[in-house]
Every structure is written in C-alpha cells, then in structure tokens.
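Letters A, B, C and D mark the chains in the order given here, with residues in each chain numbered from 1 onward.
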Amino acid sequence: MDGTSESPKHYCGVVGLYAKTPVNIPEKLFFPLFSLQHRGQESAGVAYRKDGETVVYKDIGMVSQVLSRYLDKDRPSKLGIGHVRYSTLGGNKIENVQPIHVACNKGEIALAHNGNLSNSSSIKNNLFQGGSIFQTTSDSELFVHLISRSVQPSFHLALIDALSQMQGAFSMVMMHDDSLYAVRDPYGFRPLYIGTRDDLTVIASETCALDIMKVSDRREVKPGELIRIDDTGITSEIYAPVPEPQRCIFELIYFARPDSQVFGQSVHLRRKQMGAALAIDDPVEADLVVPVPDSGNSAALGYSEQAGVPLDYGLTRNHYAGRSFIMPTTSERELAVRMKLHPVREVIEGKRIILVDDSLVRGTTARILVRLLREAGAAEIHLRLCSPEIRWPCFFGIDIPTRNELISNHRTPEMIAEFIGADTVQFLKLSRLLECVDEPSGYCTSCFSGKYRLAVTIPESEQNLPRDNEPAT
Amino acid sequence: MDGTSESPKHYCGVVGLYAKTPVNIPEKLFFPLFSLQHRGQESAGVAYRKDGETVVYKDIGMVSQVLSRYLDKDRPSKLGIGHVRYSTLGGNKIENVQPIHVACNKGEIALAHNGNLSNSSSIKNNLFQGGSIFQTTSDSELFVHLISRSVQPSFHLALIDALSQMQGAFSMVMMHDDSLYAVRDPYGFRPLYIGTRDDLTVIASETCALDIMKVSDRREVKPGELIRIDDTGITSEIYAPVPEPQRCIFELIYFARPDSQVFGQSVHLRRKQMGAALAIDDPVEADLVVPVPDSGNSAALGYSEQAGVPLDYGLTRNHYAGRSFIMPTTSERELAVRMKLHPVREVIEGKRIILVDDSLVRGTTARILVRLLREAGAAEIHLRLCSPEIRWPCFFGIDIPTRNELISNHRTPEMIAEFIGADTVQFLKLSRLLECVDEPSGYCTSCFSGKYRLAVTIPESEQNLPRDNEPAT
Amino acid sequence: MDGTSESPKHYCGVVGLYAKTPVNIPEKLFFPLFSLQHRGQESAGVAYRKDGETVVYKDIGMVSQVLSRYLDKDRPSKLGIGHVRYSTLGGNKIENVQPIHVACNKGEIALAHNGNLSNSSSIKNNLFQGGSIFQTTSDSELFVHLISRSVQPSFHLALIDALSQMQGAFSMVMMHDDSLYAVRDPYGFRPLYIGTRDDLTVIASETCALDIMKVSDRREVKPGELIRIDDTGITSEIYAPVPEPQRCIFELIYFARPDSQVFGQSVHLRRKQMGAALAIDDPVEADLVVPVPDSGNSAALGYSEQAGVPLDYGLTRNHYAGRSFIMPTTSERELAVRMKLHPVREVIEGKRIILVDDSLVRGTTARILVRLLREAGAAEIHLRLCSPEIRWPCFFGIDIPTRNELISNHRTPEMIAEFIGADTVQFLKLSRLLECVDEPSGYCTSCFSGKYRLAVTIPESEQNLPRDNEPAT
Amino acid sequence: MDGTSESPKHYCGVVGLYAKTPVNIPEKLFFPLFSLQHRGQESAGVAYRKDGETVVYKDIGMVSQVLSRYLDKDRPSKLGIGHVRYSTLGGNKIENVQPIHVACNKGEIALAHNGNLSNSSSIKNNLFQGGSIFQTTSDSELFVHLISRSVQPSFHLALIDALSQMQGAFSMVMMHDDSLYAVRDPYGFRPLYIGTRDDLTVIASETCALDIMKVSDRREVKPGELIRIDDTGITSEIYAPVPEPQRCIFELIYFARPDSQVFGQSVHLRRKQMGAALAIDDPVEADLVVPVPDSGNSAALGYSEQAGVPLDYGLTRNHYAGRSFIMPTTSERELAVRMKLHPVREVIEGKRIILVDDSLVRGTTARILVRLLREAGAAEIHLRLCSPEIRWPCFFGIDIPTRNELISNHRTPEMIAEFIGADTVQFLKLSRLLECVDEPSGYCTSCFSGKYRLAVTIPESEQNLPRDNEPAT
C-alpha cells in the first residue's frame, strides 16, 4: 500500500481449486489470485498437492513476483489453494505469509484465511496452557491447533469442533490430505463464492476471480457452510446455528472490485446507489461531480445521475504510482499524493466541485487533495463520502487506525470541512446506507456505531473520546 | 507493454533540470520522469553533472526500479537530464538505453531524445563513409556524431550545424559540459515544455511533469527553438526557418496523459471534443456509453454529454495487470485481455452499448473485448473510435505495425464490425478531428492519409494494399 | 554444495552472542557465522532481541547474501544467535531455515541447532498424539514442543525436562526472552565452544568463529553441559549423567576447518597425523604426494613428511567453482569436476603419484579425478584415504547416501582401485585412526563399523549388503 | 576484488571460439571464461553471431552471474568471443563492459581486449580532431575507430593499418561479420593461446581455458601474429616487424593460474624456481616455510625443497571470503584480512617462520598478516617475496598504485621489515628472477627498473621519489 489512500485497509483474499482431472495447479491458481490482488499486495502464496505431498510456494511480494517463476513447468495436480495478504507494517514477516502448512495427528493441513477472530486471545491462552507453540501471529495457526488438539477422532469432526470454538470473521479454504474444504463463519462477515465449470471447481473471495476462470455457474458459500470436495464429489453442510448475518458493509463500500459480486449484489450498482443517496440527502448547488479515482468512481456516477450535475474527470490517477516505490522520507506524503493524483486545471478552474470518495479515516490525504484542487482553481469544494463516519475499531479483519487517529472522533463534519479546507463535508447516513443494500439488517456496521454483535474487548485507551455521546445515524 | 492494448506504441519521454543552487539532481529528476512513465516503460535513465564529471544511471526497467537505489544519498548538482523509453521487441538492449553520453572534440555531451529522424539512413551513410562507428541504433548517436564532425569551431555553431542536417521529429534535452540545452525540431512533431519555479528550471515532454514539480509558470518550447541554460541565465533562439507545424495528432488522441497540456491544449478537453464529434457524426440509438478504460475515458464522457446517452463503467480495469507479468504463452492473448479488462454484467446485460476507444490498429484486442461484452449480455455493441482509420506507417516516432497488419488497410468499417463482432464500427472523420484541435492545419496526420510533408521512403512491400484508392476523410 | 566432492555432507553450524553493553548484534553475528560457512551453504539466519522483541532475519542463501542487507543500520542489542545450514535436496524449504522462533507458555524461544536426534520419530509420535502441530521437519521444532509441553513450572526445569527426552546429537544455542543458552548433548557428538573477551561472550561450533572475534580465552562446552548467560553473569550445570563421549570423528577427518580446534584438538595436526599413519601402514614406492585440494591438504603434508616422498601441487582448485553455479545438466558431473579441479601436467607427467584425500563415499568423483591425472600423464596413481571405509548410515547429523550407494559396501579396496582406475587404493584402518586422536575410546565410528552406541533403526532395505560380514578394522 | 591482497591488480581475460558445425556458443564460451575468472571479477560478457546478427550478453558481475541465464536455451552458432574484466573503482560502469560491438563502414565488429595501449592519448587526440565520439574509456573503442577511419578499402588492410598505429600491450579476439580474429601485439606483453580439437578452435589468454575444453593440441599466438578463422580454415600472418619480446613477467609471478602455461612455460614450475632462488640468495635459519595462500603456494614449495626447511600450512584461507561481500566500512581492512586468512596456532607457536608471498605493493596487508602470526606465537617472521621491489608504474595493463603509495619507493627492505613488524624482509633480485624464466631478455620488468622499452609519459608528480637513485638489481 502506498500510504496515499484515505480508505481503511483490508486483510486478505483466498482461492481454492479442485480439478477432477489433474491440471497445472500453480498456473491455474495464478489467474484468480491475480484478480484478487486488490485484497492484499504484500505477500502471496499457493499450496497444492502433488503425488501425496503438499508443496508450498509463498513469499513477500505481489502475485506476479511471487508466482511467475512457477508457471513455466507443468505440475499436474488436482487441488490447491492460494492467498494474497495485506499486513500492517510490523507484521510483514515471512513467517506470517500464507498458506500455512502443518502436519498433525489429523493429517496434513494447508490453510488460507481471510478474516479475523474476535476471541483469538482466549483461544491462544488455552492453547498456551496446553503446551502449544506458535510460530506465527496469525489466526490460521490457532485454527489448526484447535483441529489437532480436538479429541474428536476424525478430521471431519475435529474440524467442526475447531470451528465451533472460533468467534469472528473467517472465510477459509483448506486442503486436508487430498480433499479441498471451504468454510465461512456463521455470521458471514467476509464474502466467499463457489462455482463450477466442466471439471473445475473454483472457490474465491469475490466473483471476479471466478470470472477470470470463465466460471459462470456459481453461488455464495453460505454463512455457516462447510464444503468438502474430493474425487467423490462436493458435499455441503451447515455446521453451526446461523444467526442473523453480519456482512462487512465495507466490502460493498470500498474493498471489493466494482466488477465483482459480493453478498449476492453487484458492487458497482450498490456504490452508484450510495452516491445517489448522498445526492438526495445532502444536495448542494454545484457545477461538477468529480470522483476521487478509483475509489469514488461508481458513487460519483450515481451522484451525478441523481443530482443532474455533470460528472467530469477533474482528478486523474497515475497508474504507475503506489506500488513499487517507497518514498525516501515519510514526511513527503504530499509528494506521494501528487505522484498518484493530479487535478486537471481545465476541468476544475472556476468550478463548484462535488468531490466524491468512499470514506474518511484520518483526513490527511483528503486535506492534500482539497489543496490540490484549490491550487487548480476550484471555486467551491464539497466533499461527499458514501460511508458514515468511522469512529470505532474493527475486530473482524479491517485495519482501522486507533480511535485517536480517526478524524471523526474529534471533529464534526463542519470541523472536518474546516480542517481539510473544503466548503462542506457530508457523510452518508447509516440508515440511508442500509437502504442501498439487500437485507439491511444483515450487516456489521460496528465501525460506525460502536455496537458490536459479538463480544469484543476495546482497549481502555480507546473507550472514551470527545464525540462518544453522539450516536451514528 | 502488455500486448493487450489496441493503441499504437510511442517511443519516449524526456526531462531536463537546471538548479541555480545545487540540489540532489537524481532525486529531483525522479519525480518528473515518473510522471512521464506512460511514455515508455521499458528502460529509464538519468545523467547529471557532478564536480565536472557526467554520471549516468540507466537500465532496463521502470523508473522506480532503475532509479530508486539512487535516491537515498545526496548528490548535489546543478543540472541533469532524464529519459523513459519504449522499444520494439528486438531493440530492448542495454546499449540503446538513454541518456547517451559521449566525449568528443566539442566536449562532453549527454543527450535524451524523443522522436525519430526521417533522414537517419542518409545521415548514417555519410557518417559511415567518414569512418564513424555506431554502438547503438538510436538517432541520438547520429546527432552527437554530427556535432563532433562539424567543422564549426564552437559547440554552439556545431550544434546548429548538426540540427540543420536532421529531418524529422525531435524534442531533446542535452547537457554540454555544465550547460543544459533543450531543442525542438522546426515542425514541432513532439511536445516539449519549459517552466521555472524559484531557482529551478524544468523541461519536459508534457506539463504533468512540470506540475509534479509545482512549476506553474511555463510555456511550450517553440518549434525550431534552441534554449540554453547555465549560471548566466536562459537564452533562446530560433535556429532554423520554421515551416507550418506538423504536430503529432496522436499525442492528443492517445499518448499524452489526460491531465497534461501538449501543443498548448488540454488533452482531456480535446478528447472530450473528439467524443462529442463522434456523437454528432455517427449517432446511434443506444442505452449506454461505455469507455474502454483508460484510453477511452475522456472521449466517452464527451460522447455521453453530447448524445444525452448515460455513461456507465461497463468495463473495469485491473490496475495490477500488464506490467510486471509476461504471459507464459503468447497464444494466451485473450487471457491477458481478461486479466486486464472485465465487463460488469449488471451494467451491460440487455443494454445497447456505445463502446468508445481511441483508435484501432490490428483489431485483435477489440475483437476479444466485444466477445466479453457479448458474454456479459450486451444487446448491441457500437464501437466508436476517436481517430480516423490508421493505414500508413509513421516515420516520426510512433511504432505502428506494418501496413499489412493494420486492419483498416484490408477492411472497411462494415467489414471490421463483422470481424470483431460489433453491430457497427465508426471512425472519427479526419476533417472532424481537425475541428477539435487548435490551428488545425498544423498537424501531421500522415498515418491516416499517407500524405507526408517530409520526404520519406515507404518500403515497396508497403506501398500497395487493397484499400489504397480510398482517401482519408 | 556443488556435487563435486567425494566427502559426506554435514548439516549445520551455530553461533550465540551475549554482550553486556548493547552492540549491533546482526553485524557482530555476521563474522563468526561467516567463519562457519563451510558447515552449511544453503541457508543462513540470525535472531536477536531488541526492545523486548525477537527479530529474525533468515533466508535461503549464503551468509553474505542473507545478512549483508542488515549490516548497515545500527541495531543495538545484547544477545542473538545465528545458524548456517546444509540441507538435502528436498528439504531446502524456507520453512526449515533456522533459527526457529516460537512463542509458548514458557515464553519466547529462538533456537539454532546442529545435530540430529536418533529418537525423533518416537518423540514426534508422542507429540502428535498430544495434538501438537508441525510446521517444519526439523528436530529443533520437536525440542521447543517438548519445552512447551513440559509440566515443569519454570523454563529452566522445562528445558532440562525436554533435554532429558532427547537422544542423539545436538549442540544448540537458544534465546529465551533475554537470556542466552548453550547446550550440548551428553555424548558430545558435535563440537561447541564458548569464550569471552571483555564484555562479549561468544559460543560457536568451532574455534575459528571465536578467533574472528579475537576471543582467545575459551573452552569446550562440555558434553551434557547447559550454560545460561544473562545480565547477572554466566551459570553452568551438567544437566544429565554423562556417559563415555561419542564425538563425531568426521569432524576431525573432514568437516571442521583445518585452522579450528574441535574436541580440544587442532584439526590440521590431527589430519597430518592421519596422513602419516597412512604412510606407515600402506607404504608405496612413488615420486610424489599430491593432495586433493583442499580436503586432502593437511593429510598429504603428513604423509609426505612421514614417507619422505616430496609433496607437490599436482591438482589445483578453481576457487570460483562450485557455489553460485548450477550445472545445466546433472549428467555433466565430469565437467563440474573439471571446472573445479585441474591437473598440472608439468608436475604429474611420468610420475608415480600418491593421491591423498579424506574419504570415499560413492567413488564417482575419485574416478573422474583419476582419469584427469591419467590424461595428464601420471605413471601410477595410488589413492590413500585418511578414513576407514564408510559402510553404514549416520543418525547423528551427517548426510551419508544410502548403503547401496556407498562404494565400500560392494567393493573391496582392490575392486575400488579397478573401478576408479587407480593402481592401488588404501583406507586408513579404524584402529590407526583412533591412535591419531585424543581419548580414542570417546568417538562415534559407527559409519565405519555399524556399531551404534545409541538405539537406532536401520531400514530393512539397508540391513544386508554384500560385504556385511567383513568387520571394520 | 576484496582489497585484502598485497598483489597488483590485473585487467582482463579473453576467449574466442570457432566451431565448424554450429554449437550453443554462449554455453561453450561459459566454461573457458569461467576458467579465466581470476583475471577479472567485476564484469563479464560474450558476443556471438547468430543468423547474420551479432548478439551481446554482458553485465557487471562474475561469469556465472552474468551468463547463467543464457545457458539453458540452444543458440546454435559458429563463432563467439568472451571477456572478463577487472576495473578500477571509478571505471566500473556498464558502458565499459566488454565485448564492445560496433557497426562501421568495414562491417560489424565485436571485440574483447586484454592489455593497455601506451599511446592511447595521442591516438585519442587524433580521433577527436577528426570528429570521433567516445562512449567508453576503453582502448578497445580506440581500436575500432582506427579500423573504421582507415582509408584502406578492405577490412583486412584496415585492420593492419589500425594495428600499426597502436603501441603497447594487446591480446585481442575479434569478430568481423562471420570471421573470428585473434591478434597479439608485436612485443607479446600479454599471453594468448590457440588450440584445436575436432571441429572446435579455441583462443584464450591462458591454457587452463583450453584445458577445460579438452583442447590439448595448442600453441602460443605469436607476438605480432594475426590469425583469421572462418569456414575456409585458419590463416595466419605476422602483421608487423617483431622486436625482442616484452612479456609481462608478472604473469608468471602472480597473475596466471598455477595450472596454466603462459609464454610457453608452466606457471607453477616457474614459481617453484623463484622460491628456490630466494632460498639460495637469502638463506635464514628457520623452522618452517609458510605460504601466504594461495599466491605464495608454489614459491613456498620451491623454497622449502631448496632450503630443506619443512613447509606447513600456518595460514589457512577462507574460500568464501572476498567476493560477494563488501565490508560496511573500509576502515575495517584488518577485519577483511582476518575473514580471509587465519593462522593455525598449533603450527605457528614458538616457530621461526619463513613467510613466502609473490610481491609487496603497499605493505598494508603484509603488516596485518605479520601481526596475526605474532599473535599466534611466531618466534620469528622472515618475509620473502618472489619479485623484486615494485617502484614504477605499469603502462601495459597492470593496475599499480601511484608511486607514492608503493612501499618500496620510500623504504629499504630493512625499513619495510620494521614497518610491517617482520624480522627480515627480502625481495628476489631482478637478475635472479630472470634466471628462472625462459629467454630472460624477452621480458618487461619496467615496474621494477623504471626502464621502459616503449615511449611512456610518467606524470611529473611520479618522477622523483626518495629512493630513485637506487637501481633495481
């Protein structure tokens, strides 16, 4: 990640493949994994079964860097899994790169995991007491410990035993010996899809990864569903009681690719609706709607159509920015933003601008963007965000800064407008956001509201902040 | 280059810097060069003067790969030049990477060059006869030979002597000992800008490279202008008679970044106008305007506004595609396109689509795109290109395939529509294109018309093709 | 390893450092680790404590490749450990690179291990039953499992508990939180030294690693000794009953650097004695003693002095061979040998040669060498090895081929001479070898005799071979 | 180079190959070039002809690093040349890496060059005046300029014309279109050999490079000989009058591999003779002869045999040192020496040592070595060098420091002994050295005597130094 985005960070993407007749699995995994690159750019890896052994290729780096050396040779195999990972700065260690691969009394297990457990510390404590050792800091390692420790005699029962102890978000793919598994937590926090074309079954975080494999016959893996695939076919069960879902609404707001479906909905269409809702709730006289590319593209289109204000590309994005280059000094954040986003003076000059983006975290990048637009001659700048104010931590797989760093914990929209130099700033109301999605009651919105459906432990230092008495709306 | 684009290929971008008080020139060059990355992704380099010596860092690779290792240390210097380069497959040799740096009887010369000479073979023959040796296949080497060979006693006169022998396109920056030079050919084929902020003078192919340096006080280097910068200041002269310009119209259609100015015009606005002109000339009943991202973005917006047909993002682009990864087999062109561009079914399905792009070269990528859109349920597909039919080679710096490979040399628009599977295909008429730009008589449009203002030699095999009797309109 | 050596392969080297006042531990570890490079060239790593955290740098590669990027910055720390590793072909996975680092209920443990457990499969089975998971195939992981599983309340007691369950060869260095440990198995299979200079305590496999740190005040870590170092000083205990030692005699024959001491003896002097013993037992009329460089250098000198036959460098070694280059085809073993070793015709021609090397494993390289010497005109070639015939597997840390591949299991010395083309071949008798070392009863010589002091399980396929009825002498 | 050697530096090694039936030339070139790695470790390259084109692979790095990626594919070709290069610090630029490859009016020329012209500045001045440009600082570029500039109509005559203008040392291999050339200067400064096996002709600087190709039928390319190889066979001529030779005597003292022949003599045997001569001229009571490995190995053996004093390996060399690792601070020269060379205390302690090496340049490494031996308990240290005192610059291809840095220009042997801490220091007398080689009058010994056979220009600052009135003996 390049440090120039205003959006929260995400953790992972996963892929699983099962081919009835052996294919070159590392090469086949490359394409869907590449399609999920946006879900994690820091490390990548695959594991596959070959002649009764599990082979793992993984490293720090982008999918193409890590895997391209393995595409040339034919490695015929029936099943494999893959993973892309975003990690916080301190955690970018080779030990944490997935898939993880272990041997235990239940057999060989390889695992790729998207999500975050909310009870990981209590699980870890129990395992510690029982003498388990930890070589990574990932939840995935906890999970295989639980399987291995289970007193259940079979792998299948041990798996369900382990799953029953895990609380929080997990969409996983797994290999146990020569079987492929896919599992999603009962709340369905993170998306997971499965589809089949001819001999090939593909499981992936988003539908774009199925599309690249031309898999059009597909469905969501259900919350609480456990799928097993081997030579005898595909079996499925609901392994736990399924409460009302807690789908992560940020998948629709920001994380997923616009050309994907997640939670049964088109990401692009939902974002257009969010933009339209913003136009209805917070109308403003203006000349132009300008998206922050690419995170604001879909919403800006929806806003423009709804408001009847023309859209124009007042900011362009340098597509070479932000990946391979680390700025020499972090103080040069402004320069990093300028390298990535650039105003088009001829569009902006003298115009009243509605600037549309997905969300606001610290406000630092927005502040630089507004300054760039002012320098390019914008007459007015109205920032519209298609998410409510982010004010609480996430325990389910999103990397949100500490509450102290979240601008909405200290400033009202008016104060934010002043801070970043905009004329007005408006957030999409939570109630309106929920009107834009299917089954509105089935979403986790705790980063806006602080209301967590599962038990979580908020650090004391995070508990009280200036604006805590204001409810999310 | 990733082989998935329908557009012609370009050659180079150049940057020059002069700082009255010494700065870390390699680091300062990094940012404008990075802004010009779209003009050449295959090699990059800088040259700068340090303590009376010329230091060159150059290599195969993107700007950040080649230069990032040189940004950490302070290398105080007053002047330097930089270059990015696209090269045809066979020519991607380390020897051809620029800047080139030579010692000769006129002093030390380092040179970065954008363009192509149309009389290079006759110059080369003369030099051969005189005993010159060639270590590269670049026009830049010809130029320094001419300077060195000149009987003129001073560097300045030798420079003008050399320039007077060169025909064709060249926008160059140059260091001679401790002076910086910028020069543009009398026809002004390629863009070149100069600007100053405080102590710093920046010269670059496009204004986006000046913007990243916060240089707002700027102007075009004029056709036929020679600029010299040293500690005594900036001097300028018109070194040759200036005929009517021959600006490369493809800079406006495709090459330049939309947020740049070239030839005194906003690239984005001109593209919007081209899109609008298409809407006027070739109207069609449709539900949606869909850009081919990113080359068709600006024109699609102009088309949509003019036609009153809503724009939507029916194709999304995977921004990780196309650079670091070489497909294992070239036969997998379709897979490469799929990795980069993806239809959004929810937008496309059942819709009559106007698909907007910049130009059509071979038609192979367009054919795949149309198939993808059909698979996503498009009811009708009308391809609109904001350039006329490309039917002739370029001798001035664009890499166009042989005439035999150009689809418009063998097929009428109706035949092309059939070939690629579109309902209709229409090109922007040449006369309409010229109405979209300033000073319409001052452009080179020979790749459409075959009418070259300068003497060129078309290979015999290229001279007669099925559609040669049809004039460009 | 380059596949051109006739000698058996070894596993690892270890280093530990404790500095009373913080120093740049990764840099300080570099030098002793570099001195142990000959003990393992396939991967390298260090772990050190910094501000209460354990940092690990490790990767596939030589010491300088893996660590050079970490030497520039100052990373002040009090303690660290390092490891170099040789691995069999299939085992060269990033997961197995040491040091390993785990968190468990006894605290954080980092471990670097030289040796091999003979009861690893029974330990692993027990741990499996108890639900442990394994992410590597190393004995080191077994050891930390045992510590973590121990019911002993303190780390110290758990450590001794774990040690008491391990049978076989281990010389280890370890960090537990902010303490450094060194431990050697009760049989003392592998060497381990400790020394102190000023504030710095260094532990290493061989004395050459202490010498590079200018540590001259040193001693062997004793068999069965456990040493703990922290801010309060150095404590030592004998943690288990100490039987008669089983020092690996191959450390003296081949593994250790000639300028090292291991087992309290100068490696170079012992090798000279072995050479001299060969000269006494198997005298032969000859003109020259020629060492196989560098493994036969010391012994050849001893042979020459004893026999009164002049030594000359009839084979030279290309010091650039064998590390960075992998031969395109493994069939080109002869070419690989030729690239590394080259006869000096002017020395060899017409001469009766006594060729001295350390040992014979498969005989394939010796066969090529003899052919090279014949081509260079040698009149007679008498091969002398300063080890007995290797005929049995090692369970304590040496990588010896299967018995079927060991030439001495199928051929008598006379048959070997015929096979490799030498005039005579003689091995040093086991009884004579033991006369060359201190405390002759304290060595493991089971690879010659098949008599193992510890319980081991020889695979059935390995149990009976043509020459099994012949005793080692 | 690792900066830990006391010996002067050398420049280059060359290889040429011609195969009557096409072979994979890059792979075939790899082996002889690898054998010449000791002649230059900083860059490497090959050029070969394929389908009428010249392909060049070259880069900074060792032979295996640069070429290993080109060995896999079959590139059938008849001829190619290769080069390894040592370069002074400032000159290690990619531009200077050889072979160089140019196009000119005489055709395509690729060239690999070992040596140094003594009249390069006057040639360069002339070429400058004629308008030539220079992209490298190598003599090779001068040579192709001369060929290109020659008024002679044919390549062959132009070649001889160019050769006739060059003074100094050059052993070259060259490709002109589809012919291979080898040429040696009339004084024969640098060695060059040619040999044939079956269809293959190999040309190389030393015989070790022919040996790796199993070419035993070989001879020296003669001083002043020009050889041309093409499909019609091998032709040879003496292209210039041949004066008394000026073979570089340092090839025999230090540069060439001991297993090579150069100038028709075995390097190893000559070094043994030099060692023996030292023993005769400067006898000393001592217990041991100790070589500085590996430069002193052969001479120490000769000394030991002559003096009847036993040789022992009192210093061992770490073969991993000195290539891939750059010390973080140059002040750590002592550490660098310790990483490479290590005394064996058990050999040294209490002994009177005769330490044998090839030469003394600055004396700084020798000073460290003596200190190491003292620390290891040496009772006396007598340093013996098998070359006379080096006191003058070389103009023919050796990199000798400025005269001010040469220890023998400021100190007598007695003063040197005091400076480095040895008991005595003795150099081999020039007259004795010449008795050790064939045709003693045919050597260049100007670095000892200051008497140059060719006209050279010694910088004024170098002309007068304290010991200039003392003749070399």
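Just so we're on the same page, contacts are C-beta pairs under 8 Å (C-beta built on N, C-alpha and C of every residue); 3 or more make two chains touch, one makes a residue touch a chain.
Chain by chain, the UniProt names read as follows: A, B, C, D = Amidophosphoribosyltransferase.
Keep in mind that what you see is a predicted model, and the values were worked out from it rather than measured.
Asks: What chains, if any, are shared contacts of chain B and chain D?
Replies: none
Asks: What chain is the most remote from chain C, judged by the mean position of CA atoms in each chain?
Replies: B
Asks: Could you grab the centroid distance between chain A and chain D? Build each centroid from C-alpha atoms only and quote it in angstrom.
Replies: About 61 Å, centre to centre.
Asks: Can you work out the whole-Å distance between the CA centroids of chain A and chain C?
Replies: Using C-alpha averages as centres, the distance is 48 Å.
Asks: Report, in whole Å, the distance between the mean C-alpha point of chain A and the mean C-alpha point of chain B.
Replies: Averaging C-alpha atoms per chain gives centres 37 Å apart.
Asks: What are the residue numbers in chain A that touch two or more other chains?
Replies: None at all.
Asks: So which chains actually touch one another? I want all the pairs, not just one.
Replies: Chain-chain contacts present: A-B, A-C, B-D, C-D.
Asks: Can you list the residues on chain A that touch chain B in the complex?
Replies: By the definition above, chain A touches chain B via 27, 31, 34-35, 37-38, 41, 62-65, 68, 71-72, 208, 211-212, 257-259, 266, 268-269, 294, 297-298, 301, 305, 310-313, 316, 318-321, 323-326, 328, 335, 338-339, 342-347.
Asks: Within the complex, which stretch of chain A touches chain C?
Replies: Against chain C, the touching part of chain A is residues 56, 58-59, 93-95, 100-105, 109, 128-135, 141, 144-145, 148-150.
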